[in-house]
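Dumping the structure here so I can ask a few things about it.
The first chain written gets the first letter, and so on, giving A, B, C and D; residue counts start at 1 in each chain.
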Amino acid sequence: MKEEKVFKDPVHKYIYVQDAVIWELINTREFQRLRRIRQLGTSFFTFHGAEHSRFSHSLGVYEITRKIISQFERNHYPDWPKEERLLALCAALLHDVGHGPFSHSVEEVFGTSHEIWTCAIILGDTEVGEVLRRLSPDFPEKVAQVIEKKYSPQIVVSLVSSQLDADRMDYLLRDAYFTGVNYGTFDLERILRVTRPHQGHIVIKESGMHAVEDYLMSRYQMYWQVYFHPVTRSSEIILRKILLRAKRLYEQEYKFQFLIHPLARLFVNDLTVEDYVQLDESFMQLVFTQWSMEEDVILSDLCRRFLNRKLFKYVTLEQIDEERIEQLRCEMRAAGADPDYYLELDFASDLPYDVYRPGDADEKKLPILLLNEKDELVEISLRSEIVRSISGIHLGRHHLYYPGDVMGELKL
Amino acid sequence: MKEEKVFKDPVHKYIYVQDAVIWELINTREFQRLRRIRQLGTSFFTFHGAEHSRFSHSLGVYEITRKIISQFERNHYPDWPKEERLLALCAALLHDVGHGPFSHSVEEVFGTSHEIWTCAIILGDTEVGEVLRRLSPDFPEKVAQVIEKKYSPQIVVSLVSSQLDADRMDYLLRDAYFTGVNYGTFDLERILRVTRPHQGHIVIKESGMHAVEDYLMSRYQMYWQVYFHPVTRSSEIILRKILLRAKRLYEQEYKFQFLIHPLARLFVNDLTVEDYVQLDESFMQLVFTQWSMEEDVILSDLCRRFLNRKLFKYVTLEQIDEERIEQLRCEMRAAGADPDYYLELDFASDLPYDVYRPGDADEKKLPILLLNEKDELVEISLRSEIVRSISGIHLGRHHLYYPGDVMGELKL
Amino acid sequence: MKEEKVFKDPVHKYIYVQDAVIWELINTREFQRLRRIRQLGTSFFTFHGAEHSRFSHSLGVYEITRKIISQFERNHYPDWPKEERLLALCAALLHDVGHGPFSHSVEEVFGTSHEIWTCAIILGDTEVGEVLRRLSPDFPEKVAQVIEKKYSPQIVVSLVSSQLDADRMDYLLRDAYFTGVNYGTFDLERILRVTRPHQGHIVIKESGMHAVEDYLMSRYQMYWQVYFHPVTRSSEIILRKILLRAKRLYEQEYKFQFLIHPLARLFVNDLTVEDYVQLDESFMQLVFTQWSMEEDVILSDLCRRFLNRKLFKYVTLEQIDEERIEQLRCEMRAAGADPDYYLELDFASDLPYDVYRPGDADEKKLPILLLNEKDELVEISLRSEIVRSISGIHLGRHHLYYPGDVMGELKL
Amino acid sequence: MKEEKVFKDPVHKYIYVQDAVIWELINTREFQRLRRIRQLGTSFFTFHGAEHSRFSHSLGVYEITRKIISQFERNHYPDWPKEERLLALCAALLHDVGHGPFSHSVEEVFGTSHEIWTCAIILGDTEVGEVLRRLSPDFPEKVAQVIEKKYSPQIVVSLVSSQLDADRMDYLLRDAYFTGVNYGTFDLERILRVTRPHQGHIVIKESGMHAVEDYLMSRYQMYWQVYFHPVTRSSEIILRKILLRAKRLYEQEYKFQFLIHPLARLFVNDLTVEDYVQLDESFMQLVFTQWSMEEDVILSDLCRRFLNRKLFKYVTLEQIDEERIEQLRCEMRAAGADPDYYLELDFASDLPYDVYRPGDADEKKLPILLLNEKDELVEISLRSEIVRSISGIHLGRHHLYYPGDVMGELKL
């Protein structure tokens, strides 16, 4: 590019675009579509500021990756393979391009997977694919491999996906900024400064350990304060129930007054890439608006609850009393509501929960390694009492969700 | 309320709800609908952080008003009519409830008016109306009068709408926060502290003059840096052209493949309140997605431009050369594009432009009055050289917008 | 006061003075003297921004206390004894008035105690004492009792000194602000909002637990990142060695070229209040400047090191090898330096270390109590895994300090 | 240097030292001495946070200069003479090294000049001089020339001293941060990004004009809100009166009880460099403490006022009535006070006032030039209405200062 381009960003101040391919990727319709998908799904019901999109998050992940690589290059670290720069940047930018509207709920009900769609968009007959292929015919394949964590050299993967990657660093800062909570702030500049490429890994100089502790604490707090907030969970439950009801109605050949393409394909999980990129949150919102006028009482009621934020109440359970729950289901049926749609036992750590746990079987979760002054690597929880403490914590909370207008105030 | 409710807000930290009626108004479907309408319309195309909604702004206006009144009450200022507290709070909260999706463009093309819709929602058979009527049968009417600036005592009006009102103070801070620009920040706490009720006006202690100067400078900068940004204008022009094209096609009895209720009613500006509240930005976005597959080439092309951010380029005109523009229209036609839809001369100060000008005929623009130590009122530009300077400035910029892919790079 | 007074403060934005007695206390010479005593002693050698004084911290403690009490009054909590308001505010403002220059080091070498001096100033023939006596003859005694933690009702004491008191909350935020580190920030507004008076204690609503967790983590990080920073420790060691050398020289009847009043009295710990308030950091700095020209080589060398920041180096010891240290002392003597003044083994947790530990014998450390929805009190570490983890941590670090110019780079 | 060094800084987050010579300069005794000289003199009496030193400001000026040059190098701008990098950095770091305690007042009374002392320290037999000479024998001379604005190429001078230089940018941001006022913030990152070397000048890309407007407004506001604050002026007046009284007493051969070296030399403006660097604010503070016990009533009274913040009151004069002032002097004498020391007519714009005025004869004040897209230079006030407005403003305020305890409340 003859001159760098700049985006104003509230989290990083500015986002710098220095390569034509990055600029072109941002301008594809598949990437622009991320503007219509919120980063935090239904969290805006709890934190009204959380209306930011995956578009801004994706730019942020790109920017952090750019800064790390630029530091590597400025210091001429021999363990950083310079020729991988553009690949790493593209993968960072595109890692979420396959997200759909309210991904977690849609995936749970219809069995889609945003990782698969990300690769499909990168490899497919799309504007993104076309831009990448112009670099070289096998470039899309390489980007997909990085995102699928299969690429070698491995260091490119660990830049984009690890316990301390650009993705997590951006979303913690960004979600903290837009929700307005303080918990998610940590010293990004310091972490970037102590990050080093080392024998195929991204590691942290030991002198930066406390900044990493602070980052991990932010992560812990954000999970429990924001991501698992019971009001957000309540709205997600209603969302899932809507999708479930619609799917069942479709299976029962119910006559929808409103059934726009590609809904039917979504119900049977048989979408083309072209279908998929038509899905976004405005699509889903409008569908819910229309369904709030459907004849099916359950579907229309659930949609109205979602649109007008008439969420389910919840009660925290210290332990699960199956009998009592069964009894509640009966009471609910007696009150005229179907407990399959109106009663839900939710356990927060059911979610893809990534508070740092070393030794975790999950290969995605590469441990955070410290590089000490003698050039040895040590896993962080061996050095930090704080990290050791957090790593052991496996809290979970059971909540029972139900409509207060139907059931009154439950005591369990 | 037995206990105050709290919203986490990134701009004011917390928003405090202490009255049941406020809580109930927030939970109406008409107010919740504001979550689906962005505060800054199409500005997110320029500043990707600007995805915040009128919902959060409305809460912010309420909160500033609450803080001002609470200060008045704490200090027992005799010129504040205490009994008007709840009325002022309701008016502050609801002043934007009639906004629709992309209001400015929609209003320009179809002749609607969000002020009229605000009153219609407040007075009508709506959840908002019902909550207000519960306070007293004439309460909706009073709220509407405040919003229409007809209420007496006048001081309630000037709290909600003036040159230095809660509305402007919130949006400058909020838009600055979400876009990430620095220009819009000023010392809100100081301004609130020097605000006084005085003989039917809201005035400022003279010792706070510099804080007001700073606020007016922020306002000036935000207009030119954010609100009038040429990229935002470009997206608004495309939006207007889409609406215009659709309206003309409808008038020509074109057969839309997609024409969902209440679009047809909107085209002829004949909406009921119930119709109107169905309109939101997800509705419009989906309509544009569908229309991007319409047969009409102009409509589908414009929609694709809007969705995928293929905006018009612009060139700044020092002066307007009618002949040259006419010639360009010919060239454009020759290139196969209709200049009615693809060429637009735009003048920034055409917009409702409110940089402070004392003596302005517009009754809305009550001047900012300073209260000096001798209890005399002085209009601020008589005391402040800076304000005097800004007041005289009436800049305007002419831009010519056109599709770069059709016309190349224009030089004028 | 006819009108409230305001101080601009970078941490709390504004500090509000609403009572004449507070205003008069601030204007006493003893309180103004706190401007000449830095809040963080020698930390400015490590963090150059840490040049803020105990004056600004004392105002901050007052302001937080004022905000808490104002919240109690606004909500009419019955467990708050309203008549104690002014006493609590005075105690908050004055709790550090007895601090001298570089208190910790001076106290260690000469056996003074800032708590005792605080009471002496409050009770004595001072401007502070005079202002307080004007309220009532026994008012100084009451303020002293609060500061000595002997006052009843106990709730006043726990507002001013506890594990979560106004003192700690202000210094964490303030020290974080002026050093520029991120670690010390937490959500003060939220903590204030969930603070309750309850049966003689200051407690926290359980819903605010996570904000307290965040506060305790900040505290932990600030201790290890700022307060125990090895460079700061190094400068404190040199300071102590200077004082120690001067004291011994005085005992040996060395003829000082510069020995200004009341230094001699300080050496024998026999100061009057009038003497004591003459001591401040400019006094000490000038003494060191003058002593840097003394004939005694050790004294003048140490003073030059302090003034020109030629600090001792340090090496971290995993374990203490007495024999090796003895050997180093011999080597140092051989190199012409006296190890009593140039070699120091330092253990960080020797300091008054207050990371929260429930069950600690120290009566000062009242545990943090949570008030749950059933109005029961629970000690926080029983509810929070994070707090439980931190409470158990009793880290300490041994460092050996030495002059690098004399000994080269030590390896142990 | 084998590895870059880092300082934590609250304004710039981090300050990066990459050259051994910079590190060594910072560690000289002359530079460390700047820790004992406050950046804002007596402003801490008005804004208690303003206790920051010239040490931190000097690091900040260095850091901004480093960032600008680093941007020039990264973009390989041909108009930047790369070989001048280290010279520019040294000049930026050292430009204030000759400041003494309360420079403006001391200079006014004794006729010293910090610019001359800066050069004397750079060129003299000092640690700073020694470090510079190690680079090359004529290096100190070059640094001095840059600071004296005589160096060629001129672009180095304009980086360090101009209307938009690193010095001003740092102090506006820093003073705003430490006082806590909002006025001084502007978008530094954006200004740095649009700064260009161009034909011997430092210029600004026209697209960055609004950021410069914002910077100039900050400057205007900081002058009137902070630097010219009447309470600060009051403390400066007392300070000057102390110095004046002491000087006259010395001339009259008064026997000072306390007259430490090099005070006598200061009184006759005959200091060596070695004498001069012994002067700092702790020196002056201690002298004032001692003088507060002198027999001379005027000297001791003024010193107590300064130490205990018993400042003079002031009254604003719309116009100057010489007769009335003469009458006041008589009244004051009758009340037993000497008007030469207790009455002062002060005019704010007497100070070195640098609100931007193009066309100003003062050669220091190089105009701010914009570089437009056609590579032409335009002076900013020709493009910006805002700048044009500010440039014309030449406000001044007359205040009359007097002791309220002697004269009561004056009305004029």
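To be clear about the criterion, a residue touches a chain if its C-beta (ideal position, glycine included) is under 8 Å from a C-beta of that chain, and two chains touch if they have at least 3 such contacts.
In this text the structure is predicted, and so the values were computed from the model without any measurement.
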Chains in simultaneous contact with chain A and chain C: B, D
Of the pairs C-D and B-D, which shows more C-beta pairs in contact? C-D
What's the call on chain A versus chain B, same or different interface residues, using the half cut on shared numbers? same
Chain centre separation in whole Å, for chain C relative to chain B (CA means): 50
I'd like the Å distance between the centres of chain C and chain D, where a centre is the mean of that chain's Cα atoms. 32
Rounded to a whole Å, what is the gap between the Cα centroids of chain B and chain D? 44
Give me the residues of chain B that touch two or more other chains. 13, 181
Where on chain A does chain D make contact in their complex? 6, 13-14, 189-190, 193
Counting only contacts in the complex, chain B reaches chain A at residues 7-11, 13, 27-29, 32-33, 35-36, 44, 47-49, 51-53, 55-56, 59, 177-181, 260, 278, 280-286, 289-290, 304, 307-310
Please name which positions on chain C make contact with chain A in the complex. 181-183, 185-187, 210, 213-214, 217, 220-221, 224-225, 385-386, 389-390, 392-393, 395
